[in-house]
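So that you can tell them apart, the chains are marked A, B, C and D in the order they are listed, and the count of residues begins at 1 in each.
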Amino acid sequence: VAGTQDADARAKLAARVRGVFTPVVTPFRPDGKVDTEAFEANLDLYAEHDLAGALVLGSNGEAASLDEGEKLALVGIARARLDRRVLLVGAGLESTRATIALVRKAADLGADAALILTPHYYKSQMTAEALARHFEAVADTSPIPILLYSVPAFTGIPWPAGLAEKLSAHPNVAGIKESSGDIGLLGRLRAATPETFAVVSGSAPTFYPALCVGASAGVLAVACCVPRTVAALYRAHEVSDHARARSLQQAIMPLAVAVTAGHGVAGLKAAMDAAGFRGGVVRSPLLPVGEAVQRELVALVSRAETAI
Amino acid sequence: VAGTQDADARAKLAARVRGVFTPVVTPFRPDGKVDTEAFEANLDLYAEHDLAGALVLGSNGEAASLDEGEKLALVGIARARLDRRVLLVGAGLESTRATIALVRKAADLGADAALILTPHYYKSQMTAEALARHFEAVADTSPIPILLYSVPAFTGIPWPAGLAEKLSAHPNVAGIKESSGDIGLLGRLRAATPETFAVVSGSAPTFYPALCVGASAGVLAVACCVPRTVAALYRAHEVSDHARARSLQQAIMPLAVAVTAGHGVAGLKAAMDAAGFRGGVVRSPLLPVGEAVQRELVALVSRAETAI
Amino acid sequence: VAGTQDADARAKLAARVRGVFTPVVTPFRPDGKVDTEAFEANLDLYAEHDLAGALVLGSNGEAASLDEGEKLALVGIARARLDRRVLLVGAGLESTRATIALVRKAADLGADAALILTPHYYKSQMTAEALARHFEAVADTSPIPILLYSVPAFTGIPWPAGLAEKLSAHPNVAGIKESSGDIGLLGRLRAATPETFAVVSGSAPTFYPALCVGASAGVLAVACCVPRTVAALYRAHEVSDHARARSLQQAIMPLAVAVTAGHGVAGLKAAMDAAGFRGGVVRSPLLPVGEAVQRELVALVSRAETAI
Amino acid sequence: VAGTQDADARAKLAARVRGVFTPVVTPFRPDGKVDTEAFEANLDLYAEHDLAGALVLGSNGEAASLDEGEKLALVGIARARLDRRVLLVGAGLESTRATIALVRKAADLGADAALILTPHYYKSQMTAEALARHFEAVADTSPIPILLYSVPAFTGIPWPAGLAEKLSAHPNVAGIKESSGDIGLLGRLRAATPETFAVVSGSAPTFYPALCVGASAGVLAVACCVPRTVAALYRAHEVSDHARARSLQQAIMPLAVAVTAGHGVAGLKAAMDAAGFRGGVVRSPLLPVGEAVQRELVALVSRAETAI
């Protein structure tokens, strides 16, 4: 396996992790099964937009509520529909051995890179050293580059100082997705790692300032419902139109908050429905949003769409 | 399935949840596989002690790092070895549907009750209502009584006020294991629920005061290494020998802290090795404890053992 | 000053810190001034109860909203009214020098001991060493024994491991008031310090279990409104009537929660009014409770009073 | 008093809150007294730099450890030395009445605006309504415009959603200093308030992105030791030289972290000493930094200074 890894592969991947990615949802049918047709339809709609690729099996994909068969089926579909866009696959599980196994399967199905969540059940034991060993073991054995993934709102694990710097020396660690919205941290990650190490924002409420401090991409829930506006924000920053970028950031802000901290995946799915995508229902223990929230989301989607 | 549930079954189970339970570890071999022989050996040793039963697949069992085949094999072994003692099985997963499926398999293998962890990945969405729906859906479909399980140190989910009171009305919810060590909460749970609803402590550093405020049992990591002392503490309280109970609580305190908040499952396994049980290695991302900690644990085990 | 300190004075004080203390409120008049008449009336009423003494200028005394003149006047009044009961005075301020000065003034006015809050503004800098230096400097210069005071709900500073053990060697540190309600911590404090070091509970929802693990006293908001019941709880434990102690604990629980975490000092004052004491209004930024809460408190007071 | 307030005064003040402010430290002499000579010397040195003004009696000024006489003396000195630059004075105390009194004295001494910290002792009671009433009462009576001040690292009080929007309608509330470094919050504050309401960053590690999302000024500890670099960062952003602004942000980052979260006021004072200013000693309970940290700070100051 080690033979398939090299710094060149990592650099190539990092160069492709630029722009906006949709962390696609997993639509479910009323009977609780995965609605693959809706999943495909969303990917086809996203293909019409200025997006760099998609993340499958992320937090917004309700990966924690999918079994392995469902996961692999979704990866296969996504690979087929994404054409040459970048396919990121969420493959982090609680144990190192299970993560390694899932990464290999995702690679076999054509994933371009695997997103590896911090293990988090045994919180007090997840020291910088324990996390380093975990990520290194996965990177050592993965046929594809990996991206580190920090999302304290779900894991309760703050990103340890110095860890990204250390791991960025590994030829198979291509970057980090940082979803806390802590722009100071993002800036420190950017400063502490080589340019071939991708620093990716996972927080739409701070996407524009993230780009200002050096993030190269965003994997953003809100892009699943208003991809045009989010892509326009990215391009505005790219051409140094800061006034427009800031304005678009303000326009998506309330929706971005509503579909993450506010109402979670259920809110995101309802907002997708409002925007012409197919969100579908959530899996329990998540609860669907009520009608008042649905109406609020319709208004927020409209505001974000009409900003461009 | 509903036909198999009744308040009588719940009451019978609650009546058996009295005393000390070992949340048994899952020993691993150096090659990473489950060491079933060591697992059996520990259960046989525990059978010589004054224990009410065992919890398999709990947090100390590294359930988060086991695959389903491993889990079911352990349940089967435990059932065979426990004879007529109570077998509790940790069966809570992140999604409701997966939890329901695992509970059924555990029941088929002879579990007396299933311990259902709070789902916790989507923390901000785990409202009292979302948790109530989850627990009710599991209780509605489970062939065996369930016990609620709250362990904020691992889940980041504090137990919501009023939830136990509500769920204690369900004929298939037999109690709660509360592992935060918040004795005020334990007292409120005891006061708010009927006597046929078992309130169980999952925090050894506060086992004696938990008994004082009305807990009927303890599922305690430290019991895996010094079962005799922990059982003696329980009996001392039972016969109102408060001075002895308090003294034994003090004697196990440093070890109890070391094998939970201090050094986690790796510490517990090392302490078991020191006490003549077979802890074995941990699965990554957990790291083994170093030699200095091992020596510290030897001393703490000795202190706890010689207190009686 | 050092000449006035000796371990004997400390031991004498610690021996008197046994039983129930009222952390008396500071009643204000509608014009915002201290209502000294009401303050005196409350102390006179408390004198009829089985109480060990009072704490003046604690958190429930709104010390943070009093100026020095007001503080010293209250200390003087309390000394006169308490007769031979123990007068504890809250004298901890943010800076060491200001604390030292206030302790001396309290001592001059007849305080038996000074309660020294953890400084807390510069939270990340309040290391165990910084806190140790602060407490030692105060103890070194205080004419009267001091009690350490930890209340993380107000300070955000958890009590550091090992600090009480270290400070208990100081001849002028007579004990600690621990108000987090963490019974495991209380037990560890009791085990780590000599018997002449008083371990005092500041959390009424856990007063009975605190006594079980070795606390000698309670300084409890709820004692300001239902002193008879709280004193009865203490005496029940003293004579090893655990069933009665536990029952009384349950009876005061809802009120104890309501007048601390629930509605704060405003709730305590309203509950005092309901119980025939004189709570008076709170100082801004605290807000008075509304009528619905007042009605709730009337019911909770009644429940706590009728339990004996 | 109301007559002295008008929206025009607020707009004028807001227009002057543009650029970089030093939150000046209070140097102490070895005997513990305020070193007014060093205080004046620092102000004179700052006068040579491109700074908009100074904040006296802020968190970095150890206001919590000063008595009122010391505070007023410092305000008087600062007014005299600042000439026509803006003098902000930290005047928030725990009680509303004490805050009102201190604001008036600061205004009499020539403060341009008063910075009002969130009260924070009774944390659970500091609801949005309680904070609104406090700020309104202070604004209603203040002869000078006030700035709201949120610093959760010291207060433990997160800024409530909607509060700034509400208070920005008050003619005497001129803005907010937000010191958490949460750029998403800063963006929401900017979007929710009129342009005549100043949004000020109090977090140097995120100053550049704060400017990107619309902050008009920074009150930044690091400006006390490397004012030239911080001022250059501000000007670079002002002329849309984003590359330079980002680069300067990276250059000050390690020092900015070291003199706040890292080593606090003691670190800031040591860094000032390293940079040719006069930091002086800290007041207990703060502890001085050791020699290793001093050497680290020398290097970080040098890096920040040589970046321009």
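Structural remarks
Please note the rule applied: a contact is a pair of C-beta atoms (placed from the backbone, for glycine too) under 8 Å apart; a residue touches a chain by one contact, two chains touch by 3 or more.
Since we're looking at a predicted model, the values are computed, not measured.
Among the other chains, the CA centroid farthest from that of chain D is the one of B. Mean C-alpha position of chain A lies 36 Å from that of chain D. If each chain is reduced to the centroid of its CA atoms, chain A and chain C end up 50 Å from each other. If each chain is drawn as a node and touching chains are joined, the picture is one closed loop, every chain linked to exactly two others. Put simply, chain C touches chain D in their complex at residues 32, 59, 64-67, 94-98, 119, 121-127, 129-131, 133-134, 137, 153-154, 156, 261, 263-266, 283-287. Of all residues in chain A, those touching chain D in their complex are 181-184, 187-188, 190-191, 203, 205-206, 208-210, 212-214, 240, 242, 246, 249-250, 253, 257.
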